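Pasting the structures here.
In the two assemblies presented below, chain A is common to both, partnered first by chain B and then by chain C.
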Partner chain A sequence: MADLIARPATHGLLPIEIGSVVLEDAQPEAITWIAPYNRKKSAVTRTLGGFPGPGQVVEVKAGRALSVGPGQALILGAPAACDDAAVVDQSDGWTVVALDGAAARDVLARLTPLDLRDSALSENATARTLLGHMTASITRTGPYRYELMVFRSMTQTLIHELTRAMKHVAARARLSGPG
Partner chain B sequence: MRLTCPHCGERDLREFAYKGDALALSRPEANAELQAWHEYLHIRDNPAGPTRELWYHTPCGSWMVAERDTATHAVHRTMTPAEATK
Partner chain C sequence: MRIATGGLIDREKPIRFTFDGKPVTGFAGDTVASALLANDILLMGRSFKYHRPRGPVTAGSDEPNALVTVGEGAEARPNTRATCQEIYDGLTVTSQNRWPSLRFDAMAVNDLLSPFLAAGFYYKTFMWPRAFWEKLYEPIIRRAAGLGALSGQPDPDRSEKAFAHCDLLVIGAGPAGLAAALTAAEAGADVILATEDTRPGGRLLSETVTLGDQTGREWADRMAARLAAMGNVRVMARTTVTGVYDSGTYGALERVAEHVMPGEAPPTCFWRLVARQAILATGALERPIAFPMNDRPGILSAAATRTYLNRYAVSPGARVAVFGNNDDAHRTATDLAAAGVTVAALIDTREDATSDGAWPFYPGAEVIETQGRLRLEGLTIRKPGGTLRIGADALAVAGGWNPALHLTCHMNGRPVWQEDIAAFVPTANAIPGLTPCGAALGTFSTAGCLEDGRRAAEAALDALGHSPKPIDLPDAEDTPYSPPATWAVTAPGRAWLDLQNDVTTKDVHLAARENFRSVEHMKRYTTQGMATDQGKGSNVTALAILADATGRTIPETGTTTFRPPYVPVPISSMGAGHAGKGFAPERFTTSHEASTARAAPMIEAGLWYRPSYFPVHGEKTWRESCDREVRMVRECVGVSDVSTLGKIDIQGPGAAEFLDLVYTGTFSTLKEGRIRYGLMLREDGHVMDDGTTARLGPQHYLMTTTTAAAGPVMAHLEFVAQGLRPDLDVKLTSVTDHWAQFAVAGPRARDLLNSLLEEEVTDDAVPFMSCWLATVSGVPVRLYRISFSGERGYEIAVPARYGAALWRLLVAQAESLGGGAYGIEALNVLRIEKGFITHAEIHGRTTAYDIGMQAMMSKTKDFIGKAAAARPGLTESTRERLVGLRPRDPANMPLPGGFLFTKGETPSRANAQGYVTSACWSPTLETHLALGFLASGPERMGETLRFTDHLRNRDFEVTVTDPVAFDQDGGRMRG
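Now for the complex of A and B:
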């Protein structure tokens, strides 16, 4: 059988660099939604190698598990399986991008009502929230790096919104720069 | 205004959708009087003071009950519907 080339929805659109911020593709090999059945949480935790509590990201055997709702996680990495949980392959359902740079937080602050301060969103924390008019997952993967997930069908809207905010933040920086 | 999602913690009002009085959790029995169903569906108080309301946290898909004061805008407590109907 022909081996088809998988392309992320951001193909040809990213990376974009504006000011001190880079927006780039961060699509994992697979995205798996996992929801443990009743009273099976500890069995699922053993099978997967971990399960995130609210707002948490934990390393698991297949990759990283993000909390996305009560009793639900998304595993980003290799395909994951588990008999004690509802498991859905959502690899083609999401677009994952990374926003990286000193002003990344300022860019996000223009688009989300989420509290982005260190005290509320520390490194390796994740949140389901809004980005513009879209529901999104925001995960802080470094001091100046955030991974953003939205439904795949909203990829171009996501890039449009972020690019606009990146331009505005860069323009601000020029105005208030030295001199 | 900020509300505390039982799953996510304190968040901005923009992330929430308002459903109405938490009376909606007290569904009458299927064979209840017509009057009971009428009141359940249509009759609501309009209090200036403490209320119990249903809210939905859109990004994570959680329902919650909020105890709120419409006179002061204070949000006293939020809880899952399971906790609220215990």
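Now for the complex of A and C:
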């Protein structure tokens, strides 16, 4: 029997570099959805090595845990397990890409209503929001780096929208400064 | 004409463009209007109604006359204000609303007919016969009266939209805006400074004022540089704030690349600016005085005259007369003389005015007539002691100032009349968090504006919780301003108010005479203020004249409502990025590429794309492919991608009780490894969705929803979990995208699976309505034995990364068995033959009773929708209920949307007995089949009905049948 070949959602589509911004694949080994059962949050926190509050990203044993909803987190890294929580493998449910570069914030500002200023979205902050017409998760992982997640089926639209915004930002940079 | 020195233009950089095909040269820094004026071209447009020759009257976005089309082809922008459009090499500018040329316009005949074309003429004249208005009169009138035209080509969708956030948004960058921005920025606030102009400075760029020991423009440049160097300030030039919306959100249009040859950069950007506080420093607009024949090219506002003179080094004429009611007229004469332009006369309405300038001075005088056709040649004034003709090729008019308060009206704030400046000012707290200051608030001296800007910023800082730092503001002129209210000159002849729509003072008087006394009625009757400039220059004057005509005061008369946008916003900016693929996200299954490689036409299912059918060589119509795929499933095996169905993972100690609440049936009794069909009602008792749910573990379920309702069902479950039963310990998440899922259906489905799976599928191991964990090439898969085709059916689910590979494998194996892939056309036929419902049947108005599933509503437990579904109206046997339909002649197709009538009755609305929801050709039964809803349907089996489709003209007889047309006992799918 032939092997089933695994194919990443961004297969053949990334990386893309336009101007000062690079869009690249950032799919982790696994994505695990964790929702602690009622009154089990501290037990889950102990087991995992942390659990993020709203808008937070925390380092846990298996990787990085992002808050994605009330009492819900996604762990990006190694597969995670926990008896006191609902645990669902979402490794193939979400596409994770990274937008990196000095103008990454300007690119995102074309697509998301999220306040991207340092005062509102500092490094290691995360938010569920809109990216164009898609619901998305945006995490700031560095001064000029953001990780973006959308449902896997929308990967091509994600790349289409980001590419358009990247082109516009780069073309603006090439215009001479305001008169 | 161009002045030899001065101005903010770069004389080292000549720019060549064309106007109506003729080459024109200007300098970098010029607008189209200033460059044309520099070349003594004053005639730039024709008015909307009378096609009168017109030149620019302003130097900004309030321009009513100088509207031109810029660019060519799909990129052409009609109705562009020549006063705002910067010139660039290769720019093409075309005049509008004229034929055959701007200098000779045949439609100017309208002007000769003007005695007959007063306001209201159309409504009175073209009333009869009634049908002629829409079909004849209106199209002719519209053709004669107009602005620029769109290209007719698809918009290239090159603009963009963006968001920005700040602590403080400063709207306008004149002295008040700059002082405000500086005060706030020095205190550490995050500031956006938006200016409509190409650079900060506002009126300082147009006047010869000094601030401290610097000229106004030097100070503005230094402040702009200082702000630009601060990390917490963002200066947005060429950006007009167009509207105010809730919660500190402001719309703004940035002209990103309209000042350069079209290239890769977006022409415009529509911004959504979100600010905790905002300052309105939009300045003021100079207003005209209505005097007879005040619309000739060469007559322009005094403020605009100074802008052209001081900023662009251009004079509108060689002999310029100045007419006004305040000291700005004198300032204009001084600037003109300093530039070496002959001041033909200074005419001041104030009898006690004095002037020591070297020009003819006429206090207590008014302009009562002008001469010239394509440009001004002279004017007649009435002065104490008689009238006088003055030769002049331009006339600058200073009628006082109206604060640019438009944005304060966007949340229904009504401006307040301030007597000492004879102008409306913003009402207090018109917009939460927006503080007006400077000229926008009626403060007109430079010193007053600087101080007012600082004060407004300090108030905003206080609201933001920042402490202001002391800011040094320079000394500046502090001239008092208190003009008399001068609206119109009393003299015979047409005096224009709204130049673009050709509304005169007479039209306003006529409106008052005909009892359109409300300012809103006058506006509609005369079209005053309804052109693209929205009456920026003329509205206040028009209502002052209405007040006079109706014997009321100006505050009693009131203003019309200013609404967004402040300047025209292209639809292509507001909708930027939403054409084509930007319209909605595209969701693709993992089999998408393989399907399109087989030339399968894709059909949208919500945001998803699904293959309709898979054509093979020789098939000419979709029906041939579909029929083959149906027979393939019925006789052998077919494979179909069903990944689009919603999948919701539900876990927790409360999961079973939770499902019992949301489904009509009972799921707490479902055994592990088994699957049950479920029906979900809305709170109002109607069907919301249906699907199967598998029990994967003691506290673990997997729910399947329809493709269409995946989102709504998820939202519903979240609402129930968070809002109705927060006590239940249940956690849920969508896993739709994680799993690629394929239906394998047909008598040989099991054979196909056994050729792939490492474990052997037997009916003992995997009975009907059970689920099973298995392995394909070492990859764990989930196997569900369910059927939407009526055949032996399985659905095999694999993590999406393996979807493409598994699909190819399944199709290859199916084909080796004599089967293959099938699309949703065949899927639909298979389910109609079986009487399985989709959202065509559970369309939101049907109950479980209507679809024949009343038995699924548990009597022993509560569930959402149970009480409402028991209402008498929802359980009457006369309701329209699900039936099968079969045409008497198998070739007739009862199309969905057609209606059912009792035989012998007239097919009219009142007689309708039901309607058809789904239909197909059944290759299995060799007849057309349909599903539909019929009054008392299940009680009318065998009855012959009349089917009528009024839209598509079908009319034939059908027989009522059981909804299940094929394999009624279900033996085939149970195996």
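One rule holds in what follows: the second predicted complex is superposed on the first by the 171 of 179 C-alpha atoms of A that agree within 3 Å, B and C clash if a C-alpha of one lies under 4 Å from a C-alpha of the other, contacts with A are read in each partner's own complex, and residues count from 1 in each chain.
Keep in mind that, in the parts below, a residue touches a chain if its C-beta (ideal position, glycine included) is under 8 Å from a C-beta of that chain, and two chains touch if they have at least 3 such contacts.
The structure displayed is predicted, hence computed values, not measured ones.
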* Asked: Looking at the overlay, does A:E123 come into contact with chain B only (first), chain C only (second), both, or neither?
  -> neither
* To do: Using the superposition on chain A described above, determine whether A:G132 touches chain B (first), chain C (second), both, or neither.
  => second
* Who contacts more of chain A, chain B or chain C? -> C
* Regarding the shared-chain residue A:G55, is it in contact with chain B (first), chain C (second), both, or neither? -> first
* Asked: Touching A:P70 in the superposition: chain B (first), chain C (second), both, neither?
  -> both
* Asked: Which of the two partners, first being chain B and second being chain C, lies in contact with A:E29: first, second, both, or neither?
  -> neither
* Asked: What is the contact status of A:A2 with respect to chain B (first) and chain C (second): first, second, both, or neither?
  -> second
* Return first, second, both or neither, reflecting whether A:Q156 touches chain B, chain C, both chains, or no partner chain. => second
* Asked: A:D83 contacts which: chain B (first), chain C (second), both, neither?
  -> neither
* Structure fact -> The shared contact residues of chain A with chain B and chain C are 70, 113-115
* Structure fact -> Note: in the complex, chain A contacts chain B through residues 54-55, 68-70, 113-115, 127-130, 135-136
* Structure fact -> In the complex, chain B touches chain A at residues 6-12, 14-15, 58-62
* Spell out the part of chain C that touches chain A in their complex, as residue ranges. => 29, 86, 160-165, 190, 198-199, 235, 237-238, 256-257, 259-260, 263-266, 272, 274, 577, 581-582, 584-590, 607-608, 649, 651-653, 722, 729, 731-739, 756, 776-779, 798-806, 809
* Structure fact -> Per the touch rule above, chain A residues touching chain C in the complex are 1-9, 33, 35, 37-38, 70-72, 85-94, 109-110, 112-117, 119-120, 132-134, 151-157, 160-161, 164-165, 167-168, 170-172, 174-175, 178-179
